[in-house]
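Both of the next two complexes hold chain A, though its partner changes from chain B to chain C.
What follows is the complex of A and B.
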């Protein structure tokens, strides 16, 4: 049985969901894939769980609050990724800290450090990819590393792998989609219940679909980050967040939605990448158009040269969906590295 | 640059489209993937193009009618796959003959022969997989071969690769979908234009969406074959075509469709695999349900344990779509084998 050592950075929703999923799937991994994932480090901002020999006992820690970390034998306070990431021995790093869209730190540094140390990387963090995609890919190439980030885009939709593995023979010309579940939920509410933006936003917050500070969602920054990642990895762009013409949904009124409806249209927050141009903006979409989906769902349309449109849709990301994408990426790496040895 | 030798069996619509695609993509393959596909053999039922050294000049033959094959230097009349498949040297076989749903021959024998000779195989032929899936997978495992068949299911939708590569961490519980573009076209016509089955079928034939003998489509055999392949490869079933409870669309009347519509339903020809049971039958689907798609489109819903439904849709297969899927499969194999050497 092949064993892979894993370091996790960030033990929030996604990190904990990943730990739970690893516990749940360990039997399956052993039996069906003949492999074991040993988590040797989990870094938080004030310390880390570390157990290089036996691996961390995940069951012991997945449900405890941060205030109880100190009760765990493997917890090392003040043991920080900044100081120890380089010296620790592991095969794969899962960077799961919160997206920082201003300068992508500290994730950007962690990912560079790992890649430069010949570690394969998976991430659910949009920041580094939305801001420094070309730089990161250069290191990936130089170091012959695998870097996967399915969890960053399109929620549960396995779009990057679909593209990477399956459309090898086909050229994608353009991408369009609804890449943010929160704004789609708000617009759906406004349309069906004829309520103003502020009230729909409030409901989204009450249901946990929108953050206390919803600005990344409603101004389109989150969708724009995903669009940059999709366009760079699928269309070969070398863009960053600043290249996206971005318009939020905060100015949409129930009256505008009603006027659109009278003409057979709905208003959707649509991301498009075509002919080198990137845009996230409210658009008039004909009712029953492929993009006319409701609720928190995400949808991506790949316009291909040889095969028309390929459409893929699924739930927007929550913790468990993101963790499932992260684990898929990890197992993809394991499969490749296993064959090499 | 790594060179892979390819043998193609069947030079009909898919075979010719594949040859055209290989010509079109050769520059891309060389530059971006550092590989060359050399087609050393193309078998037809009455002879073969053979050029083991330089490879067949595809440009010379892609558009000529069978009656002109004898004008080509590489054409060897009466050189048949049955006699020569074993002795010929090549890396990958593309089995693209017409599906024979009775006994899957001659494709079944060709594929077994190739696998047993340590050749990797791709196919667009549903017969062998719908009838002998477990047997073939046993040889694949014993011989450590790669066997891909994306073109067999769901038209342009890259469903198998999506599953194989990306949902590693996620369990699919059930599959449902519309797997045949012809019946969906006919039902769509019947619904929108309130015309009887026979007339809609005739229009489908006039538009080239239905064969002169449409029985495989309208009785659900084609959809059932695809369902078997999906269920076996994604849900781990070991089923064959006989296990599918199969009902055609030939008994559907405009009156039934109208009655359904009055209650807010449409009639769709739906394939389902759940709890070990396989079925293809006309079903009442609520209007605006995910499966309520029109025209020749295919759609597949994967119900997952961790991530809700993942939906993927695209055009039903034509020659170029199938060829695109076949080439993707071929390049997948090249990528894997390249890394091994």
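What follows is the complex of A and C.
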């Protein structure tokens, strides 16, 4: 049985969900894939769980609050990724820290460090990809590493995997989609219940669909980051977040939605990449159009030269959904590396 | 979605089952039929004039429709893509009236007063102190002019702090 050593950076919602999923799937991985994932390091901002020999006992830590970390034998306070990432021995790094869209740190440095040290990387963090995609891909190529980031775009929707594995013979000429579940939930509420933006946002926050500070979602920055990643990966652009023309949904009124409806339209927050131009903005969409989906769902349309439109839709957010995309990427790497050895 | 509005007048034999000859190629090439009129008081030599009005988004298909009709021996009397055939709805949200809506409309139309129209203006103002929402239809003779009109509106929206929502 082939064993892969894994380091996880960030033990928040996605990190914990990944640990739970690894526990849940361990038997399946052993029996069906003949492999074992041994988590040797889990870094947090104030220390780390480290056990390079036997691997960390994940069951012991997945549900405990940060205040109880010190009670665990493997917890090393002040043992930080910045100082120890290079010296630890592991095969794959799962970088799951919170997205920083201003300068992508500390994730950008962690990913660069890992790739330069011949470690394969999986991330759910949009920041480094939205700001430094060409730079990271250069290192990936130079070091012959595998870098996967399915969880960054549309949560559980396997858009990059579908393109990379199944659509290579098709030329994709344009991408459009709804890439943010929060704004789609808010606009759906405003449309169906004729309520103002502020009330719809409050409801989204109460249901946990929007953050306390919802600016990344409502101003379109989250969707723009995903669009950059999609356009760079699928259309071959070399763009960054600053290249996206971005308009938020905070000024949309129930009256505007009513006016749209009079002529058979709905208002949706749509991301588009076509002819080198990237845009995230509210658009008038004919009712019953493919993009006319409700709730927190995400949807992506790939317009291809050979096969017409290809549509993928699914749940766009959530810890376990993102963790399942991260684990799929990890297993993809394991399969490739297993064949090489 | 930008679509071209087309009106055609043809002559069909005054017999059952003839209309399908007109409908089939229009439907096949993505035309959306809006109206069909048989002008029965103008029947001559057993030929009835038929006027059909349809929208089509792919302009390249127009010639294909025309060709198929001609191949079937149908006489095309008139074929018009009128001024303003390229069109799209726009919604502006902001203090549209306080900042002089006539000025906004004039600036767009003045790009080419003969070939750009603004129609079907509709507004909802809930509270005079709050932003209003205004919808209108821009019609232009060519796609390029429609794009110019959109660009002008975007420029005005930026200046006057409107949110502009146009069709995908």
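Note that in this section the second predicted complex is superposed on the first by the 341 of 341 C-alpha atoms of A that agree within 3 Å, B and C clash if a C-alpha of one lies under 4 Å from a C-alpha of the other, contacts with A are read in each partner's own complex, and residues count from 1 in each chain.
Just so it is clear, contacts are C-beta pairs under 8 Å (C-beta built on N, C-alpha and C of every residue); 3 or more make two chains touch, one makes a residue touch a chain.
Everything numeric in this text was worked out from a predicted model, so none of it was measured.
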{"item": "Chain B versus chain C as contact partner of A:312, first or second or both or neither", "value": "first"}
{"item": "Partner chain(s) touched by A:251 [first = chain B, second = chain C, both, neither]", "value": "second"}
{"item": "First (chain B), second (chain C), both or neither touched by A:340", "value": "first"}
{"item": "Residue contacts on chain A - larger count, chain B or chain C", "value": "B"}
{"item": "First (chain B), second (chain C), both or neither touched by A:283", "value": "second"}
{"item": "First (chain B), second (chain C), both or neither touched by A:176", "value": "second"}
{"item": "Interface residues of chain A shared between complexes with chain B and chain C", "value": "none"}
{"item": "Chain B residues touching chain A - in the complex, by the definition given at the top", "value": "21, 25, 150, 156-158, 161-162, 164-170, 304, 306-315, 320-321, 323-328, 330-332, 335-336, 339-340"}
{"item": "Chain C partner contacts - residues on chain A that touch it in the complex", "value": "176, 247, 251-253, 255-256, 258-260, 262-263, 265, 267, 270, 272, 281-286, 289, 291"}
{"item": "Interface residues, chain C side, partner chain A - complex", "value": "1, 89, 91, 93-94, 122-124, 126, 131-135, 163, 165-168"}
